[in-house]
Amino acid sequence: LDKFATGYLDNIAKHLYSSVLSDVLDDAGHRHQVMRPDVRPLYPGAKVVGRAATMLAIEVSELPPEPYKLLMDLLDGLRPGEVVVGAVQGHAGSRAAMWGELLSTHTRAKGGRGVVLDALSRDSWGIVDMKFPVFATGLSPADSKGRLEVVAIRSTMPIGGVSVANGDLVVADDDGCVVVPAAIEDEIVASALEKVSGEDKMRDILRKGANIREVFAEYGIL
Amino acid sequence: LDKFATGYLDNIAKHLYSSVLSDVLDDAGHRHQVMRPDVRPLYPGAKVVGRAATMLAIEVSELPPEPYKLLMDLLDGLRPGEVVVGAVQGHAGSRAAMWGELLSTHTRAKGGRGVVLDALSRDSWGIVDMKFPVFATGLSPADSKGRLEVVAIRSTMPIGGVSVANGDLVVADDDGCVVVPAAIEDEIVASALEKVSGEDKMRDILRKGANIREVFAEYGIL
Amino acid sequence: LDKFATGYLDNIAKHLYSSVLSDVLDDAGHRHQVMRPDVRPLYPGAKVVGRAATMLAIEVSELPPEPYKLLMDLLDGLRPGEVVVGAVQGHAGSRAAMWGELLSTHTRAKGGRGVVLDALSRDSWGIVDMKFPVFATGLSPADSKGRLEVVAIRSTMPIGGVSVANGDLVVADDDGCVVVPAAIEDEIVASALEKVSGEDKMRDILRKGANIREVFAEYGIL
Amino acid sequence: LDKFATGYLDNIAKHLYSSVLSDVLDDAGHRHQVMRPDVRPLYPGAKVVGRAATMLAIEVSELPPEPYKLLMDLLDGLRPGEVVVGAVQGHAGSRAAMWGELLSTHTRAKGGRGVVLDALSRDSWGIVDMKFPVFATGLSPADSKGRLEVVAIRSTMPIGGVSVANGDLVVADDDGCVVVPAAIEDEIVASALEKVSGEDKMRDILRKGANIREVFAEYGIL
Amino acid sequence: LDKFATGYLDNIAKHLYSSVLSDVLDDAGHRHQVMRPDVRPLYPGAKVVGRAATMLAIEVSELPPEPYKLLMDLLDGLRPGEVVVGAVQGHAGSRAAMWGELLSTHTRAKGGRGVVLDALSRDSWGIVDMKFPVFATGLSPADSKGRLEVVAIRSTMPIGGVSVANGDLVVADDDGCVVVPAAIEDEIVASALEKVSGEDKMRDILRKGANIREVFAEYGIL
Amino acid sequence: LDKFATGYLDNIAKHLYSSVLSDVLDDAGHRHQVMRPDVRPLYPGAKVVGRAATMLAIEVSELPPEPYKLLMDLLDGLRPGEVVVGAVQGHAGSRAAMWGELLSTHTRAKGGRGVVLDALSRDSWGIVDMKFPVFATGLSPADSKGRLEVVAIRSTMPIGGVSVANGDLVVADDDGCVVVPAAIEDEIVASALEKVSGEDKMRDILRKGANIREVFAEYGIL
């Protein structure tokens, strides 16, 4: 089974969503896999499922000797099925965007499925126009040049409050972003597919006016 | 006059909105009835008018002996005309959602008119799809199980920075959420209906290019 | 050349956007011209280009002797081609709106092109309905009367983290707000118009799968 | 009775402290008279009791035409028995100090009893050396010149989250700062003097191992 | 071995400190046992070692029917060797103190060894005078009556960002507060006693000018 | 003139302090040389003057392949007259200390004059005992191992909100920390020495009750 394959990832995107995956991860004892709530889609309905290509940037106060070196390494080597997952560490005062329309165009051309950033983006109009699923903590017109610099790629990093390893399964939608560690991906995806059908039944019962208490006793979830 | 009646509440929803109610409350000396600005609708145009059914949750670090007990008491006993109004107290770091689609389905089935939370929600896609007016401070896929627990219901509580009593009139729309204490509801609603027509006149005058100064001298408002 | 003329400003609005202006300002050594990312449009697609008419308000705890005096001076004296650019200084706890629908109606009637506030607005429904481009840090139903008071107009002030002089060129869109100092406006606008065409070429090349590295070497931007 | 007299104010300083005054204000229904906890003394044991001489400053981004005008008006007209009580409104990012050693020297020479600021100070070494009671939210070497400017003096203003009127009684010590409105000062001071002796009795009883429950039933306080 | 005994706890207080315990907990895979850095001692040199008696309070907006019920249950039932460990959940805006001098007097009389609060205290002068080790996030003169209410005692709760169980070993000093789960206390304390002597050797070597690199290679710590 | 020499640096430490240097930098147009006010000395009276040896760390979520590599490079190569100046970029939630007593012992042995960190320290008791001037944003018992990692040394970096170059003159005392760029050090130090004597005169005049207005007119400073 090729876990970078479009078919494999599209199937997850079609049947699963962030909250059901979070529930199943919780049940399996992985209770810290949800990013902070300020990582938001650039447009309603954006959804991305793919394998994390991780990067971490810092704030700088002058242009580095080889600007953008690691960022370009990551993006030029991107593999179809991947999602760029990154963070800017630094103070909340920063106003520079880590991402924009040109990088989105490039990433899509390389087969990248989307972007999840604990950082700002820019060029929202262009990205929304392309319907390229980018998640960010906000928008700013200011460029990253001489303000931000990537210092690590493709290693395990804290992003949005979650420890993300390169290659982990990332699922982001209107509710937020969940990271499924690659080592437990098969069992988590399988359980989530089961749970989805259970929720459909609950919804029908509740719609008819059932008490929450009975439903919780029966299904163990709310 | 049944203040839980659909007709009574729909009439307020049709003619009044949060800002005019806030102005009238201000004039009557009630200047702390507006919730913090981060309590936002899940979709543009969401509006809810109803009687507060209050609940307060805390962050927990393990599953309580009887999980969800008070939450289920509140929801199973919900009365038509009510709005669930709640808060999670705790540090900003929390990422668990206090609400979701199944609870929304249940609440609508019981005759609940909407939800106003100083807390996160999840399942935004499902809730938006139902057009059920939910207000929250953000979204997160993470479930409340073992993370949040309701510790008080149907008493007077601080929610979104306002002291809300069970039974108060709650009006939330795109601008935010206003709480009208039940004891002064009749006079406030009556004055607000009057004020609305005054604003219509001002708007016409301003549209023709009148000076703000003249309008303020005449109507006493901006 | 009349820099308040509709034609002049509309032309900038048509061809330029905030991020390209920010890049050109950066290149010219003006690296602090972008407002904080929480100054956001009230509706997607809102865009405003015009000359700053500046105002600064503070939080008050009682009604001043002559309420709204400076605010009314500014608005009644507004000139076509201007944009109201203002800030409320004060603690984050404030919940009062500095702006609303009636002021928007008046401003449009006077020929004002929009509003950019490091402060809250209200009456979002009405403003969105008018398609009047208002940018703000949030919404609240609470009125400014006895809560906020303008203490300075038409001088140079810190707004959204940028030092804005009365008369500066302000460009705000979905990405955020950029301030172009009037003294360098001609060269910045000219360079930005040039840069826009360069980006079009880059986008085409990247769409065909070019490496970021080659494009950066050729065009010097990302 | 001269409420600016050293004897009157020293007597309050000797017998009362901030927490007992806050309790008595609470009992009288004035529950918003305590400043935010980040207004702290510059040295342990600093205590100030006096009449508020109020001032409010804003952040500026260029030197005003007449720098320091209102600040100098306030300080040159200071009356013995007064305490300078002020705030800087503005964003948390500001790093300029509103006060320093030279102003402290001047204020003491004029008979001022101390300073309470919802703002930064500087020259802490000199102020501590003088044993002049200054309360501030922090320290910074950066001067106010061209960064802060006083825009209002001797009116009612929000300072540290409390609405302070010029002439109010201000009591600040290691616990924080309490503002007693001048209109109710006599009754509040009288009740506080009574309450202090009650607490002495409670302390003795508790020291002997009494249960909190019995003490609360008897004295109604904890 | 009586783990509430003065001798047992004094011995830990004499030989161990928070940072060495944190290191040993880290090595054992317990990496979330250190409270947030804003939980600080009321006076330099305060140190407390004891068994956690936990409590959790919320912000309220009116006096509850039985005020202070659970707080009094906890304090009247306090056992020698215990430390009161508590938190107020709620918004950062709260200015009420959860603790004070009378409760300190009572706690010491019952054999309590100190207090660690993710909350404000008051009466700092009295508490410092008693040399009773109280840790808090700040000080405020405002009383808890009608502002805060304890809703849970002696259960497992999040306090200062750590999940604290009733009975856990708590060690707080100038560096901060560490929680040792009771189940692993013996091994952690034993390892910490060993580690302390290793650090003494390192310090001597470094004092003589050794390179950090050699010391790290030899001892594995910095 | 050897600018690393003890004599040169001690002379500055004896005659100058952070606020006078900040004033002189302001006058020379360098208005962003003061660190954020939360960079505080570990004990009152701590003062450090020396040449910056810069380092920048990030938060990590697993132990890097060569832990502490760059930190050890910096510290083992430290030169007499230097001050370690560093920052941790990352979210405010981090609780790991970047510095401690062993590193302080080593740094002093190498001739380092002190430490200024936009980060947490630990082992405050030991550092205070040594009277080694360490400045930090707070304290925490938690070690940096597997939590923080230095990613850059001896380059120009944003630290405490100031762009600090390796080799810059750093002056930190009770008021905070000022960075003097090496290129303008001579003129700034010379002007500061002059200004200090002017302040002495002003202080004498004010002590005798002069009006602030006259003093400002004469000396141009407050």
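Quick notes
A, B, C, D, E and F label the chains in the order they appear, each numbered from 1.
Heads up, the rule we're going with is that a residue touches a chain if its C-beta (ideal position, glycine included) is under 8 Å from a C-beta of that chain, and two chains touch if they have at least 3 such contacts.
Only a predicted model underlies this, so the values are computations on that prediction, with no experimental measurement involved.
Shared contacts of chain A and chain F, meaning chains that touch the two of them, come down to nothing at all.
Any chain bridging chain D and chain E, meaning touching each of them, is among F; the list is complete.
Sharing over half of its contact pairs with A-F by residue number, the repeated interface among D-E, B-C or C-D is C-D.
At the interface between chain A and chain B, under half of the residue numbers involved are used by both copies, so each side presents largely different positions.
A rotation of 120 degrees, rounded to the nearest 5, superposes the Cα atoms of chain B on chain C.
Computed from the mean C-alpha positions, the centre of chain C lies at a distance of 49 Å from the centre of chain E.
Spacing of chain B relative to chain D, judged by their CA centroids, is 37 angstrom. Chain A and chain C have Cα centroids lying 31 Å from one another.
Contacts with at least two other chains are made by residues 93, 161 of chain C.
Viewed as a contact network, the protein chains fit none of the simple shapes, being neither a path, a ring, a star nor fully connected. All chain pairs that touch, listed by label, are A-B, A-C, A-F, B-C, B-E, C-D, D-E, D-F, E-F. If you check the complex, the residues on chain D that touch chain E are 17-19, 21-23, 26, 31, 34-38, 45, 161, 173-178, 199, 202-203, 206-213, 215-216, 221-222. Across the complex, chain D meets chain F through its residues 68, 71-72, 75-76, 95, 97, 100-103, 105-106, 109-110, 120, 122-125, 138-146.
Taken together, the chain E residues at the contact with chain B in this complex read 56, 58-62, 64, 89-93, 151-152, 155-158, 161, 163-164.
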